[in-house]
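One chain, subunit A, links the two complexes that follow: it is found with subunit B in the first and with subunit C in the second.
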Partner chain A sequence: MQEIIIGIGVTALAGALAAVAGAAEDTESNIGSQGDPNSQVQLAPQMGYTHRIYNKAVSGEPPAYTLWVTLACGVAWAFLMLGVNAILAIIFGTVLATFVQGVYATTAYLGRTASLSKFGQPVFIDVVKSVTTVTMAHAFVAIFATVTVCYLMMTVIGHPFALPLLGIVWGLALGAAGSATGNPYYGKERQYQNQKFGAGVPISASGNIVRYAEAGQRSSIDNGFFTAKFGGPASGICFGLIVFFELWRTIIFEDFLAGWGAVIVGALIIVVFMIIDRYVEVWARKNYGPYTVEA
Partner chain B sequence: MSVKVEASHDGIPHNKVMAIGAVISLVSLYIAIIGTVIGVDYLAFFGGIAAVGALIWGNSTIKKLCSYGIGTGVPSAGMLAFGSGLIALLFASALAGFSIWIVPVAALVIALIVGLFLGWISNSVLNMKIPVMTRSIAELAAVGALALMGLGVVATGTVSFTGIATIEILGVSVYNASYLGAGVIAVSFMLGAIALQHPFNACLGPGEKQDRTNMLAIECGFLSMIIMAVISFVFVSLAAAWISFVVAIIGWAVSYVKYVALSKRDAAAWLDAKPFSDKEE
Partner chain C sequence: MSAIAAKPGANAGSFQPIPSVIAIVIAIILVVVAYFLGSSGILAGGAQFVLQTFCLIILGAALIAFGVHFVPVGGAPAAMGQAPGIATGVAMLATGAGLAGLFGGAWAAELGLGVALASGAIGGALMMAITCLMVNISYVFGMGIPAASGKVLKDPITGDLQAAYKSQGTEGHGLPFISYVGGVIGGLFGGLGGTLIYIQLLDFYNVGLPALGFVGAADINMLSVGLAGIFAIGMFLVIAVLSAYNITGTIEGPHDPKFKRFPRAIVAAILASAVCGLVAMLVVALF
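After this line comes the complex of A and B, so read on.
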């Protein structure tokens, strides 16, 4: 009984940490324009729209976050093996991962922008200085929270995977949650405010991204303000629920039917979410779409 | 059928870059193996040099492959390379029981065979019909195997299977805390796979220059080596780990500064807190 209570407590804590991680991850990638609007950021100077938006193309978010979280887990594991206190070990791992993230971010910005010299797009060093540090801070929060979730799974719940392998699984899940959930709430709506809502990006408007703002010329640091309200919390809820349900079903139902209980409950959770998703989709279509001709 | 688009004109042709990268990688791995054979582990840092050599080669291959317009496939190419390279690495390291000297060459040959097979599947069975596909995937698998082996050498100081699958704790051989058993190989995998695709992905565009992209490949290699050097404190002697760490830091810092200088050379303008003006206005 006590084991189950501790398990549930850890499940709740891990879910909360994951929610923080998801929110920070999405804010990080949106400030750095790493998500899907990045192709438009890359395209804009070629269409004659020079801009001050950070062009951070390390890779898609899932592989990038797999790297940061896995290497933080690996370094944390190494420090644990060397007898360092767990919290310090996780912090050392996260600091190194954040350092690597910052280096990759700056090289991606400098490389891509320099390759656009033909179109007169300058490299803005003040953008590099201000935006990189802000994305690194958000990456630190996201990585630290996720590595802590992995550590809790390994030690308290006794997950059979080694720490770096848990890092690969949950880093990938974190990046996927931020990319799939966060971006639809942000990118196109913030970056394409020049376009009519719901218009998508017609070819004639390619590269016509938002470049001016109320306080001088915009750098994408302001996207954090927008994302923190919508995309971040959505990603946080998504990743938090993934971690919470994953642990909850395992801890409560693993003893039933020789382990199959947890599998069946997992399948049931998926079915319930499919029904909810379908309901939300139909509701949204009825209220907001389809995009018919105005009467 | 894809159409080839030239990314940029290279000063050094691909075959030459390939030869240089392969030679740097293999020679460095053999120097590291000499260290293992004579019983010292402070030559482990040559594994990092091997990874850098392999990344220079792989980066040129990715550039060649991606001139056929598979833009979003650039990160996937890194993952594919290391996935197929991993098979070759594990197979080859098991051959160390026979003779440790054949491991790097065996990894190269096995990876080329695995890669040729995968390339044939993607080109002929999946019908992608890109002329350089089969050769490029074979090359990428070889690059993956060599880079993974190099990073593994930095961490553990050896290329043999027993070396990466066991660790001595209080005189007992343990699997769970070894390079393979603790999943540290996952860190090498991700570090290598992202480092392989990043240089070309980050520098793509009409103004891409070969020397700048290569400098970024070197920078990514040393950056990955820093992390493996930190992890190596668990596996190798203190002196060896410190040597790897210092070499990695110096290599990274020098290449990073040079890369920033090359970016400054190629950029349209280098502005610090100055407003921009639109071309058409």
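After this line comes the complex of A and C, so read on.
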């Protein structure tokens, strides 16, 4: 019984940490413009729209976060093997991974932006100075929270994978969940605020991203400020729910029916999410209505 | 041939019999090699055990390749609400779901093959169910855009008309119900295939490592779990990337015409997993 109660507590803690990780991950990727909408940031100067948006998408979010989280997990694991306190070990690993993220972000921004010089796009050194540190701060939060989740899975919950392997699994899942949920909000809602609300961006508008703010040119940090109101929390809920339900169904129901209990409960949760999705889809169709008359 | 002339025509992605036969023949040769390595004692456990492990690894890879085609991926256009699907890469999303499944399957490995496989499949499907729901919530409540497919007139499951809900100048947006179901099925197959590869390699290493002279059950198990986990993740990435090339960027799900390309990806996955599987097994070879 005690094991189950501890398991429930750790599950809740892991879910909460994952929610923080997801929110920080999405905000970091939006400030650094690393998700799929970065195609527009890269395209804009080629269409004649020079800008001051950060641009560090030399890889997608999932492989980038796999690298950073696994690196942090590997270093933390090495320190744990040396007998270092767990919290210190996780912080050491996260700090190193954050520095790697900073180097990645700087070289990615300089490389990607310099490649646009033939279209008149300048490299802004003040953008490198001001934005890189902000993405590093958000990356620190995302990596620290994810490594802590992995540590809890390895030690308290007793998953057979070693910490670096768990880092690969959950770093990738973090990037996948964050980019899937957060990317459309950054891409459609922020980069194309000049387009109609409640409709997709017409393909003909590609590259015409919003470049000006209330005063002066738009900064990438403002993008983080904007998406942290919806895209970030939504990504956090997404990753938090994934971690929570993955652990919860196993910890509580694995002892039923020789392990099949967790499988059946997992299937039921999927059906519940499916019903919610259908409800959301129908709700949108009813309340927003068709764009043209139905054939 | 010029670059323009080399552009894919109307039959892009169609099944090509000659390369496929060559791939299958090479894969069969590798199966025979694995059998020989087992019967000659180079790989521990006997010819039957080695053959069974090798064939199930290939089956796992084929399941992953099939599953990847169900996952609705819209890439960059989806991020601007220009195309339906999830706004990320095919390989990344499919691997994310598959590894979430592998996490569950590895956790349940001690409860038997059936439970582990089911747990892996459900783990992958659960990850996709939550992700796909949050994608639709983001579109509907964050951006005020209903889901609409650009490839079919009616949703094959719900029968909802799609064309009228597509905003002007786009190919659709969000995840219609068929795409949602496709995502869940994709996660299911991905988790199942990944776990199958992991369990087979785990059993194989648990037999192979003591034969190499390793002692101590706990140490052997830790090493086996690590090796099997790394190779399973690596093979998953190989198959997901191969399948992503077959899909070429975006796919809406099982109703998308590109879905019919899956036999080609399965053939490629059989060959790639035969090569990767043999390398993974040779790690504990008794040369």
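Here is the rule we go by: the second predicted complex is superposed on the first by the 286 of 295 C-alpha atoms of A that agree within 3 Å, B and C clash if a C-alpha of one lies under 4 Å from a C-alpha of the other, contacts with A are read in each partner's own complex, and residues count from 1 in each chain.
The rule we apply is simple: a contact is a pair of C-beta atoms (placed from the backbone, for glycine too) under 8 Å apart; a residue touches a chain by one contact, two chains touch by 3 or more.
All values derive from a computational prediction rather than experimental measurement.
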Q) On subunit A, which partner's contacts cover more residues, subunit B's or subunit C's? A) C
(Q) Tell me the contact category for A:Ile90 with respect to subunit B and subunit C: first, second, both or neither. (A) neither
Q. Which holds for A:Leu152: it touches subunit B only (first), subunit C only (second), both, or neither?
A. neither
Q: Tell me which partner A:Gly120 touches in the superposition: subunit B (first), subunit C (second), both or neither.
A: first
(Q) Just to be sure I read the superposition right, which of the two partners does A:Ala14 touch: subunit B = first, subunit C = second, or both, or neither? (A) neither
(Q) Quick check on the superposed pair: does A:Leu71 touch subunit B, subunit C, both, or neither? Answer first, second, both or neither. (A) first
(Q) Taking the superposition on A as described, I'd like to know which of subunit B and subunit C A:Pro63 touches: first, second, both or neither. (A) both
Q: For A:Val100, select first, second, both or neither according to whether it touches subunit B, subunit C, the two together, or no partner.
A: first
Q. What is the contact status of A:Tyr49 with respect to subunit B (first) and subunit C (second): first, second, both, or neither?
A. first
Q. Is A:Leu163 in contact with subunit B, with subunit C, with both, or with neither (first, second, both, neither)?
A. first
Q | subunit B and subunit C contact sites that coincide on subunit A, given as residue numbers | A | 60, 63, 161-162, 165, 168
Q | Of all residues in subunit C, those that touch subunit A in their complex | A | 75-82, 86-89, 92-93, 95-97, 99-100, 102-104, 106-109, 111-112, 115, 118-119, 122-123, 125-127, 129-147, 153, 158, 160-161, 163-177, 180-181, 184, 221-222, 225-226, 229-230, 233
Q: In the complex, go through subunit A and note every residue touching subunit C.
A: 35-37, 39-40, 60-63, 159-162, 165-166, 168-170, 172-173, 175-177, 179-189, 191-192, 197-206, 230-231, 234-235, 237-238, 241-242, 245-246, 249-250, 254, 258-260, 262-263, 266-267, 269-270, 273-274, 276-278, 280-281, 283-285, 288, 290-295
Q. Along subunit B, where are the residues that touch subunit A in the complex?
A. 74-75, 78-79, 176-177, 181-184, 186-187, 190-191, 193-194, 197-199, 201-208, 212-213, 216, 219-220, 223, 226-227, 230-231, 233-234, 256, 259-260, 262-264, 266-273, 275-280
(Q) List the residues on subunit A that touch subunit B in their complex, please. (A) 42, 48-52, 57-60, 63-64, 66-67, 70-71, 73-75, 77-78, 81-82, 96, 100, 103-104, 107-108, 110-126, 161-165, 167-168, 216-217
